[in-house]
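These notes open a run of structures that come right after.
What follows is chain A paired twice: with chain B in the first complex and chain C in the second.
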Partner chain A sequence: MLKEHFATLERRLAEQIAQGEDNPRKLYALEVARFGQRLYSGEHKIAWTGVLAPFELLNATGVTSCFVEFTGAMLASMGFSSTFIEESQQGGFGSDMCSYHRAILGAQRKGLIPSPNFLVATSCPCSGGMAVMEILAHSFQKPLLVLHIPQEENERNVRYLANQLEELHNFIAQEAKEPRDDAKLAQAIEHANRTRETLLELYELARHVPSPVANNDLANFAYIINLLMGTPHGTRLAQNFVDAFAKRVRAGSSGVDGEKRRLLWIQNRIQFKNPFISLLEKEYRAAIVIDEMNCVTWEKIEPQDPYMGIARRIIGNPFNGPAQRRLENLQRLARAYRVDGALNPCNWGCRQGAGARGIIGKGLNEIGVPVLNLETDCADKRNFFEGQLRTRLAAFMEMLEENAQRKGNEQR
Partner chain B sequence: MIYAGIDIGSISTKVALLDEEKLLGTLVSFSGYNAEAAAKRVFEEILAQHGLRATDVAKVVATGYGRASVAFADKAITEITCHAAGAYFSDGEVRFVIDIGGQDSKAIELGEGGQVKNFLMNDKCAAGTGRFLEVMARALELDLEKFADFSLRADLPAPISNICTVFAESEVISLIAKGEKRENIIAGIHSAIAARVSAMVIRLGGASAVMMTGGVAKNAGLVSALSEKLQTTVKVSPYAQENGAIGAALLARRLLK
Partner chain C sequence: MSQTTRKKLGFTCAYTPLPIIAAAGFSPYRVLPYDCSSAIGASQFLHDNLCPHIKLVLERAISANVPDELVGMVFINSCDAMRRLKDAWVLVRPQDKVIQLDLPLNFNASALSFFASELRMLAEEIGNFSGKALCEDVLLESIGEYDALAENFSLLRTALREGRLPGGAFTLQRLYNIASEAPLAQAQAEIAALLANLPNTAKKTDSPRVFLMGNVLANIDAFAFFASCGVEVIAEDLCTGSRLFPRYRLAEEEGDIFTKIAHAILTQPACARTFDNQNPCHFATRAIEMIKKSGAAAVIIQTMKFCDPYLARLPLLFESLHAENIPFLFLEGDCSLRSLGQYKTRLEAFVETIQ
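Our next item is the complex of A and B:
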């Protein structure tokens, strides 16, 4: 099913682009379709991973690798996740688990997850994801390597993780039956550094007032870029957006017509079709100028000493460690992008997201940024109550309108 | 000039009329299945009561779950904003509003001037709402008015562990079967709702200057349970049921300013 989906998607997008209907989001979607085809072709070496896996190492060894949640998100966007979520429940998995993971487990039971050559789990950002990797490794009878990510960033911890990364590089080479090639890795790191530079330029452009970003432009963007780390594709995709945004900024145009409100989107987008994005743009003239994931929180990596640099990037990820670290990053983004408010859809089964909700809400309120917690599921449409959510969103936008009027009066 | 606010709830539809200075009147009626027809009906009724025509009304704001169905309204505003405005109109000292409606419950924090500073709504289910109380009253074979009064005579509230409407109804039936007094069962139900709703107020940072609005505010037993949970005297809006409509009328007046 997914193989056909990606093939159809690629064909349709390629036709549209050939007819001149190209824009950065379409080119991005085309890359996703191509990636999906590689993953499901049965012709490539593949690995299932955790979301923080070091994709440079995998890409440098020629392994098409993907975090498992990608499949959950794809099934949701196609409108099929609920079927597989039900399948996972029939298999005995709890109904209060993360719906991305339940969809994957159900899809695996139905034979929709291709058997990998190996798996790479990460102890962060969530223990649920790690458990899913263990289940998949057991079901497929394939080797699993778990990266233990320390929480605190200090030299000892960075060295500890760097040693594991080197071990992982050997593991990948062994399981992929390819020689470990440090020169290829150095080249991949150079690509990753170029991607990083382009992302910095892109996110800087997004800060403009009004912002050149339309609400769907950079949805899920950081996740896909992460998968492409160490390849030229990531840089190219980011550059397409840089060019388009620079053009919009020069023309004085905005991604959302008549931008009235600027919003920060916390954690994941809602993956299935829903009216929110268009409602925000058309009804409220509200632009999602920044997603929590769309930020660069790491330094350039030294190609000749890649493990230490990658280890620093992983340990320094805001999702690693206490929720306070996430909050500090969110506060930095809220200030840098001059947002009026934040939306936190907070996937129902996500312990990490739900657990941090109070700290995030309070911390953003303290810097004058109201937060709307949307009680919804991001991957299971059955838990999306449109009427109730519309009322919450409408009340939130009324509150932001009131805030803006008050600030305007104070300035006068 | 005259301004109107219409609050179309899932159970009842309320209308309020204001002029530049004061509240002229309010009216409450059942919503029925057609929100638009209910809005039109109450609007026409209140105009007739005051000897007015529709053209005498400068602005109309609709609120409540049926707000989008009122074609003749100049603007639709959520019940959250309207309840905040209505409560502040009744009492300028109020900082937190609890509104338990037919199908949802909400806690609203007010800023200076009565604007919404923050709000929370019940999530995932109808527990702790007016509909929940209706189901429980039916299980106990009481009308809602008697149901409210009964709890004040309780000597030992029965513990209701579940607040899922369906499970709680089963629990109530089990308690009846065990011979538990209705007064105590009702007090237990109120206590369970109060625990849920007061948690929202506390999450907003509040425990003082709390006002309850909405039709359920007429339930003295629940107000008492909420006061106990919040350790403060929860005020009841003098226009409990009409509060949202009054807020809508106030916001209609503001549309022209």
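Our next item is the complex of A and C:
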């Protein structure tokens, strides 16, 4: 099913682009379709991973690799996740688990997850994801390597993770039956550094008032860029957006017509089709100017000493370590993008992300950024209650309106 | 300083290196998830979908329902919920010394070395906090005391399995709780008195012999409840039970004292969050081994709601139990007796099927 989905998607997008509809989001979707095709073709070496896996190492060894939640999100976007979530429940997996993970487990039970050459679990971001990796390794009877990502950022911990990354590089080469090639890795790091530079340029443009970013332009963007780390594709995708946004900024046009409110989206987008985003745009002229994941929090990596640099990037990820670190990053983004408010979907079942809801809400409020906790499910449409969300969103936007008026009065 | 007047350092996880805390001059104190009337205060910091264990622990901090002598906490990075508890604890009790130990997910040479350095850091930090550097002789003595405690608990578990422990699993859990909260000497005195008076013969009972497993179940009334439903718990594998006081067996390992402690902790019976790269889902295999070894006729699995490490691994455990023809009952709890009380009919029906 997913194989056909990606093939159809690629064909359709390629046709549209050939006819001149080549906006950056379409080019991005085309890259996702191509990636999905490689993953499901049965012709490539593949690995299932955790979200924070070092994709440069995998891409440099020619392994198409993907974090498992990608499939959960894809199934949701296609409208099929609920079916597989039900299937996982038939298999005994509880309804309190994360719906991305339940969708994957259900799809695996139905034979829709290709058997990998190996698996790489990462202790960050979540315990649930780790457990899913273990179950898949057991079901497929394939080798599993577990990366323990320490919580605190210090030299000892970076060295510890760097050593694990070098072991991982050997493991990948062994399981992919390819020689470990340090020169290819250095080249992959060069690509990753170029991607990083382009992302910096892109996010700088996104900060403009009004923002050139339309609400869906950069949805899920950071996840896909992460999968493409170490390849030229990531840089190219980011560059497409840079070019388009620079043009919009020069023209003084905004991504959302008549931008009135600027919003920060916390953690993941809602993956299935829903009216929420267009409601924000059309009814409230509200632009999601920044998604939490769309930021660069790491330094350039030294190609000749890749493991230390990658280790620093992984440990320094805002989703690793205390919630306070994540909050500080959110506060930084909220200030840099001059947002009026923030939306937190609080995906049901996400202990890692939604678990910190109270701490994040309080911390953003302290800098004058109110947060609307949507309390929805990002991958299971059955738990999306439109009427309730509309009412709560209306009240939230009214509050932002009052805040804006008060600020205006104070300035006068 | 006598043990009764010592300041306390709290803990919430069975992987906590208690001998180090004690050697630094503190009394380790497990902040158990007492059945508070609600966790409304905790809900302001933590999402509703987080496990009741950590929410009730936080509720105790919010409502100042902890001993006055509690001056800090040692958290273990064991799961998402525990990380969030630590985040919230810092906000609720900013006056506390809070340390988080990063526990590796599996056991290998680099994990051992890393965890040993975490333990060194812990010793140094709490040594600085107490104003007295921790010395190896004192630490060895502390380990000896905890090994003696572990040995005594092992004797009690044997007595429980043989039906010679007065009060059965209720008594054992009461002692686990005392050893978790009270000064070590007090716990040892109670246990020694009980061991000295253990009967030689087993009490006759018709109740089915059951293995109890899961994560957090410290409420002694729950054990009385099981007994009232006609269940004789003869062995358990719980975070608040047999996994709490491992034996350190230092002489068998090489390396400095922290490496030896790290080795002992990383090789103790694992909970669901711990991995074995070579044997994914070893949790179910290990559980079956323990159940068979105990001689139990059936299993009760009691886990906290929203506990991801268990939620994800239970289906395979269920399959393995089916494959071995071992009857089992799964109960999902919230640390309160109310939730267990709702299961009374199921439990009684289960007893009928296995009798």
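Here is the rule we use: the second predicted complex is superposed on the first by the 412 of 412 C-alpha atoms of A that agree within 3 Å, B and C clash if a C-alpha of one lies under 4 Å from a C-alpha of the other, contacts with A are read in each partner's own complex, and residues count from 1 in each chain.
Note that in this section a residue touches a chain if its C-beta (ideal position, glycine included) is under 8 Å from a C-beta of that chain, and two chains touch if they have at least 3 such contacts.
From a predicted model like this one, the values you see are computed outputs, not experimental measurements.
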(request) Considering only the touch criterion stated at the top, classify A:Thr391 as touching first (chain B), second (chain C), both, or neither. (result) first
(request) Mind working out whether A:Pro150 is in touch with chain B, chain C, both or neither, as first, second, both or neither? (result) second
(message) Looking at A:Gly355 after the superposition, I want to know if it touches chain B, chain C, both of them or none. Which is it: first, second, both, neither?
(response) second
(request) Could you say whether A:Gln174 touches chain B, chain C, both of them, or neither, answering first, second, both or neither? (result) neither
(request) With both structures superposed, pick whichever of chain B and chain C touches the larger number of chain A residues. (result) C
(request) Using the touch definition from the top, say if A:Met399 reaches chain B (first), chain C (second), both or neither. (result) first
(request) Classify the contacts of A:Asn365 with the two partner chains as first (chain B alone), second (chain C alone), both, or neither. (result) first
(request) For A:Ser278, decide between first (touching chain B), second (touching chain C), both and neither. (result) neither
(message) Show me the chain A residues, by the header's touch rule, that chain B contacts in one structure and chain C contacts in the other.
(response) 358
(message) Can you tell me which positions in chain A touch chain B when the two form their complex?
(response) 358, 365, 370, 375, 387-388, 391-392, 394-395, 398-399, 402-403, 406
(message) Per the contact definition, I'd like the list of chain B residues that touch chain A in the complex.
(response) 65, 77-81, 104, 113, 115-119, 121, 123-124, 203
(request) Under the touch definition given earlier, write down the residues of chain A that touch chain C in their complex. (result) 91-94, 96-98, 101, 121, 123, 126-128, 130-132, 134-135, 137-138, 143-146, 148, 150-152, 156-157, 160, 163-164, 167, 322-324, 346, 348-352, 354-359, 362
(message) If we count contacts the way the header does, which residues on chain C are in touch with chain A in the complex?
(response) 43-47, 49-51, 77, 79-81, 83-84, 86-88, 90-91, 100, 102, 104-106, 110-111, 114, 117, 272-273, 275, 277, 280-281, 305-306, 308-309, 311-316, 318, 332
